[in-house]
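Since the structure comes first, as structure tokens, the remarks are kept for the end.
Order of writing sets the labels: A, B and C. Residues in every chain begin at 1.
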Amino acid sequence: MIETVLQVAAFLGLSPLLLGIINRVKAIAAGRRGPSLFQPYFDLRKLAAKELVLSEVTSWIFVAAPVVAVVSTVLAGLMIPLGSFDSPVSFEGDFVVFAYLLALGRFFTAAAALDTGSPFEGMGAAREVGFAWLTEPALFFAFLVLSRLSGSLSFDQMLHATEDGAWAQRTAPLVLTAAGLFIVLLAECSRIPVDDPNTHLELTMIHEVMVLDHSGPLLGLIEYATALKLWVLAAMLLHVVAPTASVGGWIGFGLFLAGLVTVAVVIGVVESSMARLRLLHVPTLLIAAALSCGFAFLLLHR
Amino acid sequence: MVSLSPILLPLVMAVVVFFTPSKRWRPRLLAATAVAHFALTVALLSQPAGPVTSGWLRLDAPGRLLLGLVSLLFLCCAVYSVGYLRYRVERANRRFCACLLVALGTMSLVAYSQHFGLLWVSMEATTLATAPLIYFNRTPRSIEATWKYLMLSSVGLAMALFGSFFLGYAALLGGGEASLLFSDLLVGAEALSKPWLRAGFALLLVGYGTKLGLAPMHTWKPDAYGEAPGVVGAVLAGGLTSCAFLALARLTQVAGAAGEGDYANRLLVLIGIGSMGVAGALLLGQRDLKRMLAYSSVEQMGILALAAGLGAGAGFAAMLHMVNNALAKGALFLAVGNVHRAFGSKTIDTVRGALTRLPVSGTLFLLAFFAVTGSPPFGLFASELLILKEIFAGGRYVLGGFFLAFLFLAFAGMGSTTLTALQGRPPRSARDSNYRDRFATVAPPLLLLGIVLLFGLWLPDPIRALVSDAAAALEVGR
Amino acid sequence: MHSTLSSLVAILLLINLVALGSSRIGTVVRAVALQGVVLGALALAAHGELSYRVLALALGSAALKGWAIPVVLFRALRQVAIKREVEPSLGLLPSLLLGAAATVLAIVASSALPLAETELAPLLVPASFATVAAGFILLTTRRKAINQVLGFILLENGIFVFGLLLVEAMPFLVEAGVLLDLFVGIFVFSIIIHHINREFASLDTRRLSLLKE
């Protein structure tokens, strides 16, 4: 019981920290000192205290979207185990629900963007949905690989399957899957090279342009949802690349959290060493991710 | 060390020539090296072949034939270069002379190679050494030709390396030691893994076929031969192709010994007759003299591949044809090179009346044309007749019919172009150009043509022994 | 050992995808360079016990393909000062998909051929075929001369992978000769690229069409 509570607490409480780490790494790489690691928390508190401004033309969807985004991401996150513990929620076929929960959040965000009637936000929604459509094959191929490795349809076993010496046997598929999942992570969380979270030019934005009209607590919820999503996907990736079975229990849990920090650092390094891709070339990257996971599945079947 | 001197001498001299400051001395050093190389080769060949030892660097009977051929051809080309470069004083000749020598050294290395890996290394080295020769003129066209030559040959040769590795893997699966020595492969041929052998043969055929210029991998040839100076064309068409053909012959021997002779022969005959057909069609109405020579070379390579695919009986004919073709092509390229110099052009739009303008080179051109197209009494007539005899002896009348038809096509195509160039009145620009036939530019093609004529009339015993030893050593089942 | 080997092979395949899918020449050069280093590591991993020969081969090929050749290529890139975009004649995405299809075919083809009963062959043979195929795609679908050279290097890398299966069959000098030929070849290529750029004011090989029937 205490394990479950702690997992949920870490998930809900620590995920903004990852954003703080990424920003800090980027700042250091650029030769600056950068903001505090806890800046995302300060931002969230500031946004929560602000007044809510709603456009006259928007409907209930505009208000509901951020809430749905947070709730769906939290539900999805509950299916991912941390460390070697069991995941808080687990059932056969939960990975399909997981994918649809993420998609649900995205659907509402995109719908809210369309709700504003602004052409820029509509454009952003189109891009977001278009790219999401390309990341899903990669995600599902990765699920297939994991499912095949574990012989199970539940995340609980799928993500722990890599721990029983599977790496020694199946390195090539796992490396390919991990590469694909990393690209999915970057795309889903709107990181460079797919999207630039700090961009200020509407024409080049994807995710940010969708939420231009959100303000105050609603914007805070959206940012929180982004942080949660980053946590969820990073945890999934970490299970694939770094099996934690050998150190179970609380030490394993600690190591796992350290691993998440490492993933954040790697993302920061990638972001500081790359430029954003031209929008035209983003589909190429995403399809490459799908192909990579597809190869993995193929290699496994041989 | 003495026995390896035909490889080392040109390579060392290439370095010397490269660092020779005098522009006038470099061609002389080139010629001197060629003379020394020829003398060494003759000395080596006059000794009986040494005991057969295993090693990856050794001169066996086919290697002896190739070395002798290359050395003789190169001697003529080197002497010619002295005369040629006198007319090209405006161009730096440092790289030209050094690369020619490197080409000689690496071609000699091909003759010595007893290992598919080493063979590949030396073939690739010949390609790299000859590439700078093609853009001697530094015109956009010659650079384009060099690019195509280098790209296609390199990719083709990469396939050959892949194929060589396949052969090695076939040997590995055969349970034997994974060796790429010709002798080891022949000994263990029965056990070679057949799928890998077949795949390797196909890749090697594509690879060395690209070097030979067999259709459809011939596309670099007209460009490269067309834009290179005549003397480089002679080295490429006479020397490099013979090297590649020897590689192909050794490969065919391995395939035959492994019991895949039918498969190999079918492919060889198909690609051979195909090349002859393509070349024949493209020779008709060809207006560019050097491109014409290139297609003629494609045709001759087709004949060689075909002969290699006819089985044991045609071995002697194939080897003899290789020798004859190399010498005749050398003569032809050098003679056409002279015409090109005198007219400043190589298309028959400008080149008219070459016989009037250059009585000696023009006559040589005419005679070399007859020699290359296999007219009696030149050597190519004899070797083509032998090949034809073998075709009919195998009862393959349709193939024989196509063979004759394509030969005729080539004769007709080349004949009309050649005669147009030779007859008529030379244009004013050609009459005023500064080129005159001199000893150094006329004697080499004359010598080569004389030898081809001699081989057609009477094959001296030492030469006959050399050719038949080579053919016997390459025979399947040895 | 096996897991190192197979992760190296997976990285090799990923680099193929990067080379086929990236739009900047510099990225492709870096990818090919990285592949060279991976090849060196693969040579070490493929041979259980370390001999001087294997070590020299691995270090030699890593130094050549990971350092010397990229230096030559970057120098050529700087000299000709061309636009850094790849400009494929077949789009990046189709060539990527083609590469993927070729990889699948490579895996199928290698399972159709008889392989030795070792751990190495089932990994290296498909990787080799796939890399050769990727090289061919790069070679045939890119317009700029330098990209074609990169395709050629990829092709050679694929062949090198296959060569790892039979290190015993190749005398060391021959192996060194293969590497030397490759380097000299790339060097000559880079010189000619320079000349092409000067004479044609472009590296677009479609301009190389003066010579035809």
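Miscellaneous remarks
Please note the rule applied: contacts are C-beta pairs under 8 Å (C-beta built on N, C-alpha and C of every residue); 3 or more make two chains touch, one makes a residue touch a chain.
This structure is a prediction, so every number in the text was calculated from the model and none was measured.
Chain contacts in this assembly form an open path, with each chain touching only its neighbours along a single line. Ranking B-C and A-C by contacting C-beta pairs places B-C first. When every chain is reduced to the mean of its C-alpha atoms, the one closest to the centre of the whole protein set is C. Centre-to-centre, using mean CA coordinates, subunit A is 64 Å away from subunit B. Note: centroid distance subunit B to subunit C, computed from Cα atoms, is 30 Å. Mean C-alpha positions place subunit A and subunit C at a centre distance of 34 Å. Shared interface positions of subunit C, i.e. residues touching 2 or more other chains, are not present. Subunit C contributes residues 2-7, 9-11, 13-14, 17-18, 21, 23, 92-93, 96-97, 100, 103-104, 107, 111, 122-123 to its touches with subunit A in the complex. Per the touch definition, subunit A reaches subunit C in the complex via residues 167-176, 179, 277-278, 281, 283-285, 287-288, 291-292, 294-296, 298-299, 302.
Those residues of subunit C lying in contact with subunit B across their complex are 113-116, 132, 139, 145, 148, 152, 155-156, 158-159, 162-163, 165-166, 168-171, 173-175, 177-178, 180-181, 184-185, 188-189, 192, 195-196, 199-200, 205, 208-211, 213. Contacts from subunit B toward subunit C in the complex involve residues 56, 115, 117-118, 120-121, 124-125, 128, 131-132, 135, 138-141, 143-148, 150-151, 154-155, 158, 161-162, 165-166, 168-169, 171-173, 177-180, 193, 195-196, 199, 222-223, 226-227, 282.
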